[in-house]
Structure formats: structure tokens, C-alpha cells
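One chain, chain A, links the two complexes that follow: it is found with chain B in the first and with chain C in the second.
And now, the complex of A and B:
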């Protein structure tokens, strides 16, 4: 099945509902049940204390786009929230454009809010200026992320959830966290019957200069992906394990007790992509999925996973 | 007249954001080991293109191209940049 055939099936069967713009979808109850089943399944494997579990909104401080380095590396993927900043006197000009069906958004002004670029980008500012112990810390987080990359391939949504386990601490601790979670993640996703594979990967850095960043990332093996067929036989990332070196420690001034910047690493599970991979593998009728998969994802009842 | 190495050093001074003065480094010293970050290397690459009026082909957009002053000079010569006559 091609990605466009799969997309057709998802829409025809009502698993996803078109959101009015390419790459934007509403989720049916059936789809959400799968996604939350995956969330609950992955979350149980992490066993992180409640006090270190955070759910971020789909937006974040605009300053985080800059501090995290995301704007510098991926300017074509970001989203910033704008609003009308004028008075009564300026409003007619805006509405005249609207009535004339002309572009009106250039009359808005930027707010302090941006679309969340990656779940862990909302986490690091919480530690800004802090000093952490040598043992470091692990957080379980979830964020709805935005990427401006409209595509007909349902595997590439503009808005999607990342469920992450993030470590901040020493370099050794960060690498150990990533190694552990790549193995555990492969095991978890493999147990759902997905044809998973771990590969070295690079992020889609912008432009020609981005090629330099991408080759550097590949040479240092900073990013690994757990891949599986998602919307066609072609495998794509359903989870990724990233070692950030001291990038966020430096940018957010998060230090260890010896004064050196913390190193960090994360494993991110793409809830939508894993859900799609499962639908591709087992079909649109959850009731007909293999019993063990339904059991692991708590899909036996008609309710959302707790 | 300045040599190619001098011009490379000027670019590194302006765009390399190195924690050490470029004058303290020899032509063969590893720039990454001396604090050249990946983001700064991108700025160095763009500045070299402007300074020498060249464009690095995609195959050269890798870390090793910008490893040292000597490595950069070698790549520039391979791209047709000529050492000024004294």
C-alpha cells in the first residue's frame, strides 16, 4: 500500500478526519484510543515518579525557540502565534482585507508565544540557572509539537505528540540513558509486532549550511531512530534517541556541581506515528487486532486507556 | 599582500567564536578541539564562501573540511583559490 492509498483508507474509514489544511488531522475516538494505549504502555515502562511527569501545552514561550537553537537550525519548520494588536481605528483595515478575501495575517503582530517545537524544549527552561547533582534527573514529558511541513503523507503531520523520557546530568549518564531507552524502546515496539530497526539518523537542518550540521550529527552518532513502516512499506522514525551533548546545558545555563554544563539525552516516542504503524500492520478495525497487542495497549474495553 | 592562511585566520577571528585567540593556534591545530562549535563552523563556512567567492560543493560540507587552517586552505586550493603572488 502506498502512503496516499493508506491516507485514503484512514479518511474513508474515519480513523482520521481532515483538518482543512494539508497535513492537519482531527483524531477519531478509535485513533485516540490507540494513541493513548501506546502512551500508557510506554509510560508504564518508564516508571518515573509523578512529581517528574509533565504534560506541556501545544505552545511555549517564543524565547525558547531561540534559546533551544531550534530557530537557528530549522527556521522553515517553526510557528509563532500572532494576534491583532491594533485599536478600533485599525480594525476596519483588517476586516476590509478579510471581506475582500485578501491575505490579512500580515496586519497581525507577533506575541510572546510560539508553537512547541519539541516536547523537551519546554522542559529545559524549567532548570535555567540550576545546579544538578551528579546523579542527574529523569523526567517523563509529553508535548504536542508543530512542524511546518505540509505533506500528503499521514506519517508527516503538522501537529503531533511526542512522549519523552529526558535525562539531564553527566555525559556518561546521558549516553547510558539513550542506550537503555533505545534497547527498551525497540523491545517495547517490537513486542507490538512492529518490524522495528535502529538506525543512525540526522535532523532535517535547514539549507546548505544544514548539510554541515547534519554530517556532523551523523559522524558523532548523536541521533538514532527506531524505524518501522508507518504509512507504507518505506520505514520511518516512530521513536528517536538523541544525545544533545552539553548543548542545552550551555544554552540554558544548567550546571553540575563542578560548574560544568549538564549533558542531556532524550528518547521520544511519536504517538501518532506508532498508532499509524499499528493501523498499517493490523488494519482499521481494532477489534480484529491480535489479542496480545490489544491486551498490551488496553484496547479490550471500549474506553480510553487510563 | 596577505596569504590565503591569513585570510582564513581573519574569517575564523570574525566568525569562529573560538574561546582562544586564533593567533595562538598553528595552521595544523584542530579547530574543533580548540572550541569551534558546529553552529560557528556554519558561519565560518558561509564567510569563507563570501571572502573567497566560492561555493563549497555538497560533498565538502562535512566537519573535516573545517578541521584546521591547513585543511581549509587545502580545500580552497582544490576549489581554485590561488595563493597570492608575493
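And now, the complex of A and C:
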């Protein structure tokens, strides 16, 4: 099945509902039930203490786009939020544009918030200027991310959730975290019957300078992806394990006790992509999925998973 | 307790974590557990067929801001998303601004997406140009909404979830839906031990023209709120029941079989506000809440509610 045939099936069967803009979807109860099941399944595997589990809103400080380096590397994917900052007297000019069906958004002003670019980008600012222990700290986080990359491929949504386990500590600890979670993640996703494979990967950095960054990421094997067919036979990332080196430690001045910047690593599970991969594998009728998959994802109850 | 004292308590106890911008919060597991409990509790009361339950992403088509009339009435609250639309050659100019710590967002271009302004605004476009039956249709929806109103009061978050039951049909049906749900909602929230009260309300329409709209809304009793103390002894809306008359029917050309525009009404439950009201009432330690409240919200398991 091609991605466009799969998209047609998803819409025809009401698994997803078109959101009015390319790459934007409303989720049916059936789809949300799968995504929550995956969330619960993945979360349990982590067994992180309650006090280290955080749920981020879909927006974050605009300054984080700069500090994290995301704006520099992926300027074409960011979302910055603007609003009307004028007075009563200035509104008619805006509405005149609207009524004339002309572009009106250049009359808005930028706010200090932007769309969350990656779940862990909302985490690092919490430790800005802090000194952490060498033992390392693991956080479980969930964020709703935005990527401005309109596509007809349902695997490439503009808004989607990442469920991550993020480590901050030493270089060795970060690498061990990534190794552990790539194995554990492969095991977890494989147990759902998905045809998973771990591959070295690189991000779609912007422009010519970006191609160098992408090559460096690939050569240093900083990023691995757990891939599986998502919306067609072509496999794509349903989870990824990133070793950030001391990138965020430097950017956010997060230090270890010896004064060196922390190293970090994360494993991120794409709740929407895993859900799509499951629908691709087992069909649009959750009630007819294999019993063990239904059991693992708590899909037997007809309710959202706990 | 004042709102600022309550905010201090929430942050000190880690129920919410500051999101780096006024009015932006990360949610702890404890808080998310309450919010999901409220979601589940409210959802069960609705008993809406699975096929009529939708979960919206935090962004929607920018055109919906115009068509719904929201931009006209609340221009200061909207969020429109812009991104970098330039080429490789234009990026250095953006980065130079960033490096000089000058404002850079005016070099971005507007996308065709905006922040979801109200959950039901994402619903109506689905019926654009449709003809619906007189019997009326009820949808259960959830949306993550954005309001640009930075405030130190935790009851006024910039990003929050609305869980709604929306009716589309006749004027009588819409009024009956609102009446039913104001009663049912009061009963549900009262059963959680919250000191609830139903009051006629009006929205903070923008500017001088807005004051007329607000007066009209109040005089026609189009909007009722279920109020309760949220972040201080001062009661605020934790749910609201709105009769839209034929506003959305006209704007989105949704008709009844006789050619007249549909009337609509919604009841919206504010998941974050209800959660805060519960924390204000019972304290920051969920384990010490009254047993019946814990039971109703499925807080006994130490997991997110189904």
C-alpha cells in the first residue's frame, strides 16, 4: 500500500479526520485509544519516579528556539506565535484586510512563545545554570511538537506527540542510556509485532551548512532510529535515540560538579507514528487486532488506556 | 489564599513547573493524573458514540480564526504561526539578528495554521456546506486551546484543554442541550465536592465594539458559566455552556433540511481549571483527598485514568 492509499483508508474509515490544512489531522476516538495505549505501554517500561515525569504544553518560550540551536538548524520547521498587539483604533485596518481577503498576519506582533520543537527542548531550560550529580538523572517527558512540513504522508503530521526518556549526566552515562533504550525500545515495539530495525540516522538540517551538520551527525553516529513501515512499505522512524554530546549542557549552562557541561541523551517514542504503524500492520478495526497486542496496549476495555 | 499564594504553593510542591514564560506551565504527573481523571469522569457522563468523539491538535487552519469570527472579537488573544520561508541565502540575515539579540521574528512568514482558539472552532469546519437533520447531532470533542493573555494567576494559563459536548441542530435542541448540560455539569462538579454556582456570563470581547457584543451576550443570556474557586476564594469559570444561536451555522454554511442555518450550543469543561479547583479544595497531596473524590476520578491506582 502506498502512503496516499493508506491516507485514503485512514480518512475513509474515520481513523483520522482532515484538519483543513495539509498535514493536520483530528484524531478519532479509535486512533486516540491506540495512542494512549502506546503511551501507557511505553511509560510503564520506563518506571521513572513520579516526581521526574513531566507533561509539556504545545508551546514553549520563544527564546528556547534560539538557545537550543533549533532555529539555526531547522528554521524552516519552526513555529513562532504572533498576535494582535494594537489598540481599538488599529483594529479596523486589520479587519479591512480580512474583509478584502488580503493577507493580514503581517499586522500582528510576535509574542514570546513558540511551538514546542522537540519534547526535550522544554526540559533543558529547567536546569539552566544548575550543577547536576555525576550519577545522572532520567526524566520521563511528553510533549506535543510542531513541525512546519506540510505533507500528504500521514506519517508526517504537523502536530504530534513525543514521549521521551531523557538522561542528563556524564558522556558514558548518556551513551549507556541510549544503548539501553535502543535495545529496550526495539524489544517493546517488536513485541507489538512491528517489523522494527535500528539504523544510524541523520536529521534534515537546513541548507548547505546543514548538510555538513547532517554528515557529522551520521559519521559520529549520534542518532539512531528504530524504524518500521508507518504509512507504506517504506520504513520510517517510529522512535529515535539521540546522543547530544554536551550540546545542551553548553547551550543551557548545565554543569557537572567538576565544572564540565553535562552530556545528554534521549529516546523518543512517536505516539502518532507508532499508532499508524500498528494500523498499517493490523488494519483499521482495533477489535480484530491480535489478542496479545490488544492486551499489551490495554485495548480490550473500549476506553482510553490508563 | 490569594492567587499568588496558591501559585507559589503549586510551584513549591511541584504540582506545576514554570514554563519560562508568564502563564505557561509544565504539568507534573500528579497534576496530569488529576486532569486525566477529570477527562475520564466527564467523558463517561456524556456517553457519546465512539464515532462522534474527536481529539483535536493544538493548531487549526488559520482561516478558521476568520470564519469563526474569533479574530474580529478577540484579536488580542489569538495565536498565528509563522516560520522561516527563505532560502539558504537569506538565513544569514536572520541569524545575524539572532546573534545581535535583536528581534528576528519579523523575518518570518505566516503559515496557514494558527493556535486552536476554542475546541468547537475545530469542529464546525467539518460540516461546512453540509445539511444536517433536525434531530440534532452531539459531538464529544477535546481541544488544546491557546489564549495570549499572560497572567500570574494559574487559573489563566496560555495553553489549556477544553473537553466539550457540542450540539448542532435546531434552536430548541440547542437550548435544551445547554440546559441539560448546565444541570448535569453542576451535578458532576458538585459531586466532586466543589462549591459550584451557575451564573450568566459574558466574554471579554475586544475594544469598544466588543463591549456592545458583551452586553448583547449578557442580555440574551447566551453564555452561562459553572463557577467555583479555582486559584483563590474568588470564583471563576470551570465550565461554560454557550448557546451560539445560528452564528456558526451562518459562518460555516451548515444548514438544516429546511434551508435554515443550524443553531448550536456547547458545554465546555476546563480540564486544567477543574484540576486546580480540586487542588485548591483538597490540597497538593492527592493521596490525602477524600476517598469518594479519589474514587470518582480514578485516582486510586497511581496511574493516569483510563
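We adopt the following convention: the second predicted complex is superposed on the first by the 306 of 306 C-alpha atoms of A that agree within 3 Å, B and C clash if a C-alpha of one lies under 4 Å from a C-alpha of the other, contacts with A are read in each partner's own complex, and residues count from 1 in each chain.
One rule holds in what follows: contacts are C-beta pairs under 8 Å (C-beta built on N, C-alpha and C of every residue); 3 or more make two chains touch, one makes a residue touch a chain.
These figures come from a predicted structure and were not determined experimentally.
When the two complexes are overlaid on their common chain A, residue A:72 makes contact with chain B and with chain C alike.
Looking at the superposed arrangement, the partner reaching more residues of chain A, out of chain B and chain C, is C.
Contact with neither chain B nor chain C is seen for A:290 once the two complexes are overlaid on the shared chain. Judged by the touch definition given at the top, the superposed model places A:213 against chain B, while chain C stays out of reach.
Contacts of A:204 after superposition on the shared chain: neither chain B nor chain C is touched. Taken together, the two structures place residues 72, 208 of chain A in contact with chain B in one case and with chain C in the other. Partner chain A is touched in their complex by these residues of chain C: 14, 17, 19-21, 24-32, 40, 50-51, 53-64, 66, 71-72, 75-88, 91, 94-95, 98, 103, 105-106, 108, 110-113, 115, 122, 125-126, 144, 146, 148, 157-159, 206-208, 298, 301-306.
Within the complex formed with chain B, the residues of chain A that make contact are 69, 72-73, 208-209, 211-213, 215-217, 219.
The touching residues of chain B, counted against chain A in their complex, run 38-39, 41-42, 45-46, 56, 58, 61-63, 66.
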